[in-house]
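Order as written gives the chain letters A, B and C; numbering starts at 1 within each chain.
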Amino acid sequence: MGRLDRVQIEKVGKRYGTERALAGVSLELTRGSMCALLGHNGAGKTTLLGVVSTLVRPDGGTVTYESGGTVVKGEGVRGQIGLLAHASLCYGELSAVENLEFVAGLYGIPTSGVVAALDQVGLDKRARDRAARTYSRGMLQRLALARALLTKPSLLLLDEPFTGLDRDGAIALGEQLGALKSDGTIVVVVTHDLEAIAGRTDHVAILRRGKLVCEERDRGAYNYDQLKDLYHRNAA
Amino acid sequence: MNKFLVPILCVVAAVGLVVSTWLVFYGSPLQYTIDGESGRLVGTSLFFNQKIFYFHVAHAFVLFAAVGVAGISSIFYLKNRNPKWDDIAAGTTDVAVAFGAAVLATGIIWAKAAWDVWWQWEPRLTMSLLLWLILVGYALVRKFAGPSADRVAAGMAIFGMFGVPFIYTMVGADSHPGSGKNGVVATLDPAMRPAMWITVATFMLWFVLLIIVRVQGTRAERELRELRERALDLGVLE
Amino acid sequence: MLGHAFRIAWKDLRIEVRSKEIFMTMAFFGALLVVIYSFAFPADAAAVRGSVPGILWVSLAFTGTIALGRAFDRERENDTMRALLLSPVPRLSVFIGKAIAMTVLILGVAVIVVPLLALWLNAPLFDYPLELAAIVATGALGIAVVGSVFAATLLKARSRDVLLPVVLYPILLPLFVAGTKGTAALVQVHPNLEIAHYWMSFLGIYDAAFLVLSLWIFESLVIE
């Protein structure tokens, strides 16, 4: 399955009933970069993420996914997308191993990768065969990350992944993301935690009431102060 | 849409209402059955009460048309998500709920006059009730489902429309012989037919007119909203 | 596509077998319904016998709808429905898998309710077991298919608990009526197999038509 190296979002709009969630948003995502999608609550960040992940059909505009110059569609795209959200995306009644084996089956990956993924996130071996609903928040977070990484996505979308993580957890996750970015993954993070992504983000996009009001990728990596400054100037 | 369309339709509908009312009360015969030999009344003779039949049937035609229009409109909406289809589906069902209530109310009055019971589970009344329930369900979904209301409602309209042939078969198969309204339209006294068809046509027109007005209203609301958003974006408005 | 559907159905059934939550609560609820109905009718045996088909299908309607709501709620708890729709399996597989799992679940509840009805209301439900099984199975399938479409669409809607029956019952009415009349033809004092077969074909056609319709529009309904 061709790894995605470019995602072109062109004038995307979305309306929910009387509410306008997105209007004329255009953005280009490229491989090996981490894009921070910022904005106030209700600015449209989650909707944009939904559109990019093919779960939300835009009312107008297009999203084009490319791999090595050719356009990819449908299931080929979905197989390359990984999602890490605030919810664990895992079934509480199943164990970590069972959850990941289920995912492996859906994505057509050999189940041999399951143990490796769990090792990579450092999930306690004794917990792996227990039902996921017995896990602590930190363990659930690791399981969710293992789930996202198992399929080796080339486009990783993160929706408020740092919420509920302690400082160490946030730092560890930040490092993981940095490593993925260096590996060539397209990383998109929606978050309010600027500290956690500082020093790794090279692409900033700020939404306000559904419109893209600021987009920058001039510097190599934005530090905390630069991010805070951009946010306060544009998000309100 | 031509700005004269609504006024013209209003006039035609008004004329239609006057004409059909006149026809119903003066232009069609009283309904009663007389035995040829003895000159006595036999069978069901409703006389004046039967007049309500004209209004009842007209509204029932409209109910069927409404479910069809809403269903097809919803299919278009799901396929290309153009808001105008959603507006049509929503407007149609809103108006049809009112028409459906009229069908059932006149049906109840008819039932009391014809069979001396307030309700009868006979084919046409049952079918009208079931169609009406689909429309009411649609209205409730539209009102209470939140942001995904348009999709759920569209689904309900489409499934509802596909269910109509099944409802039809189901009520038909259960008809008790001689339950009054079977084949009433076909066996109608020819002198009554003009009144009936004109009434039907008038109420169909009235129905279409109400939908057009409703859809225009929704569209105007949307355009106003979009203008306001543009102004907010440009900083012209607070 | 079917392979993925079975995988999803199997996952659902595995979860249900482990917790048994839906099955146990719905079976108990169904039993309670039968008890309540038993007291609602006078001791007149004929009246009771005549009402048994209706009671059966009303119970299936109630338990089926609640089971649907609960099963899809599970996919909401950790946003797993989003994960399923995001995966590279065809979205129809998600629908088919869910519908299969729900059919099994509703049949499971029916397996408890039908014998209880036969026991407590002295209804000769087992005189024609094959026909009865066919009617209940097609009915359960119809409820599961239509129910899965709307439970999935309503997943993120407001008031979804109460809206599910509001949406389902008008659409499923022909199914409930056909099921009731078919069962009645089997249970009445002089069973009429011809009528039973008529309603069985009605149910079969209903299921086929709505399955095709569901396959056609499921994806457009469920993707926002």
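Going forward, a contact is a pair of C-beta atoms (placed from the backbone, for glycine too) under 8 Å apart; a residue touches a chain by one contact, two chains touch by 3 or more.
Predicted model only: the values in this text are computed from it and were never measured.
Chemist: By mean C-alpha coordinates, which chain is most distant from subunit A?
Modeler: Result for the farthest chain: B.
Chemist: Of all the chains, which has the CA centre nearest the overall CA centre?
Modeler: C
Chemist: Where the CA atoms of subunit A average out and where those of subunit B average out, how many Å apart are those spots?
Modeler: That gives a centre separation of 50 Å.
Chemist: Take the average of all CA coordinates in subunit B, do the same for subunit C, and state the distance between these two points in whole angstrom.
Modeler: Subunit B and subunit C have C-alpha centres separated by 32 Å.
Chemist: How many angstrom between the C-alpha centroids of subunit C and subunit A?
Modeler: 38
Chemist: Could you list the positions in subunit C whose residues touch two or more of the other chains?
Modeler: If we look for residues of subunit C contacting two or more partner chains, we find 224.
Chemist: Can you list every residue of subunit B that touches 2 or more other chains, as numbers and ranges?
Modeler: 147-149, in rising order.
Chemist: For subunit A, jot down the residues that touch at least 2 other chains.
Modeler: Subunit A, residues with two or more chain partners: 16, 57.
Chemist: Give the list of subunit B residues in touch with subunit C in this complex.
Modeler: 75, 78-79, 130, 133-134, 137, 140-141, 144-149, 151-152, 154-156, 158-160, 162-163, 166-167, 169-170, 173-174
Chemist: Using the touch definition from the top, list the residues of subunit A that touch subunit C in their complex.
Modeler: It comes out as residues 16, 50, 53-57, 75-76, 78-79, 81, 83, 85, 87-94, 102-103, 105-108, 131, 147.
Chemist: How about subunit C: which of its residues touch subunit B in the complex?
Modeler: Touch residues, subunit C against subunit B: 146, 149-150, 153-154, 156-160, 163, 166-167, 169-171, 173-174, 177-178, 181, 198, 202, 205-206, 209-210, 213, 217, 220-221, 224.
Chemist: Within their complex, state which residues of subunit B touch subunit A.
Modeler: So the residues of subunit B touching subunit A come out as 81, 83, 147-150, 225, 229, 232-233.
Chemist: Within their complex, state which residues of subunit A touch subunit B.
Modeler: Spelled out, the residues of subunit A in touch with subunit B are 15-20, 23, 57, 59, 209, 211.
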